[in-house]
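Lettered A, B and C in written order, each chain numbered from 1.
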Amino acid sequence: VHHVPTVEQNMKELGIVLPEPVPVKGRYQKVVVHNGIAYVSGALATLPDPLRVAYAGVVGADLTLEEARESARVALLGILSSLAEALGGLDRVERFLHLGGYVNVAPGFTKVNHVIGGASELIDSLFGSDALAARTSIGVAELPDGASVVLDAIVAVSA
Amino acid sequence: VHHVPTVEQNMKELGIVLPEPVPVKGRYQKVVVHNGIAYVSGALATLPDPLRVAYAGVVGADLTLEEARESARVALLGILSSLAEALGGLDRVERFLHLGGYVNVAPGFTKVNHVIGGASELIDSLFGSDALAARTSIGVAELPDGASVVLDAIVAVSA
Amino acid sequence: VHHVPTVEQNMKELGIVLPEPVPVKGRYQKVVVHNGIAYVSGALATLPDPLRVAYAGVVGADLTLEEARESARVALLGILSSLAEALGGLDRVERFLHLGGYVNVAPGFTKVNHVIGGASELIDSLFGSDALAARTSIGVAELPDGASVVLDAIVAVSA
């Protein structure tokens, strides 16, 4: 018999370890679950020990497209870390509904959708194509802590 | 007896033909429907044959307010094209819940809500005032493929 | 017996009076309620008599962090004013699901999450920590009417 691999098995296969959950610095929640929908706060790429922003800077000036795609990929790990903390793991994730991608860009850098592709492709690898989100990618002026990419998400979760 | 005109009848009356659905270039979905809600990916104005971005450029520098309003209007047709493809037509559209409008602006151009009005007014013309969305209009730094306007939407749909 | 204070009592205690609802200038709705979820249009800080934008300008250039936090706080009052008008008061507000915060920033101003904190802290004071939202804070290029902060919200409401 063929077993569909779980997200955890896919992560192990890809050598992916979720980052430690970041602390909440302010009066908000990283994830709010209501009627089977999880609203996930904006997340950015981090590095541990000590916890700090990874891939900070302006895409098209300080960072290349490839570095920005990696920033988006690691920011998605932040989204998954928040979801795993809120849901007690990732098994309850049914599918992504919407992914918002915000890219800190230099004037003239228009490949913002390619940047967010770094996150979308990881969703595909881990959860499969049936879990893919609708998506909006925009280039913005500044992001918290000088991050190059912020992602937020709306996710369908099971009880 | 008086019949409420359908969206298709309204479109015919206004001489509006939906653009061909754009191909998905990446790992996302143009529309995700879940529990009666459609999440629609960011869409921009296009021209066909060959498919290309229409009204590219910076509003307040390359494009006037009127051109930007037309860009928003045509971007909404992109949203409708995606919905029609996903739902097998527009009859299942109950109402718009939220419309996000992102405008690629020159410094000092603050009439971003007037730009997005080009899309809102078309929703009104086609679906009627009971279908109007809550709306957020912001001026951004860059948009995919140099578009002047991107729209995304959350839409209530019937089964 | 101990009574949990209502939002109205908390507002009275804090000396907060909701601003008059702003008129709708265009083809959108300030609040759309669907299946227990309220989608609230982007709101900015206003002053009355005559109605005008408060705290207009660019954060990090025209406005300090503290002024921007006050702008976010007053913009949240705009969100609450819209909700109260749509729901016949604030008693039907169950909790905030998502708060979007858009800050008109000067280059190099990265404390956008601290700015939006001015709104989040007011949600906490009025509705309590169980009502706190997931949150996305981004720095943008321009906002309607030159506002320094725009907020939008998705809110769970009871019947």
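Here is the rule we use: a residue touches a chain if its C-beta (ideal position, glycine included) is under 8 Å from a C-beta of that chain, and two chains touch if they have at least 3 such contacts.
Please read all numbers here as calculations on a predicted model, not as lab measurements.
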Equivalent interface positions on chain A and chain B, same or different at half: different
Angle of rotation relating chain A to chain C [CA atoms, steps of 5 degrees]: 120
Centre-to-centre distance between chain B and chain A (centres being mean Cα positions), rounded to whole Å: 26
Shared-contact residues (touching 2 or more other chains) in chain A: 140-141, 154
Chain B-touching residues of chain C, taken from the complex the two chains share: 25-32, 34-35, 37, 39-42, 100, 102, 140-146, 150, 152, 154
Residues of chain A touching chain B in the complex: 36, 95-99, 103, 105, 107-114, 117, 120-121, 123-124, 129, 132-141, 154, 156
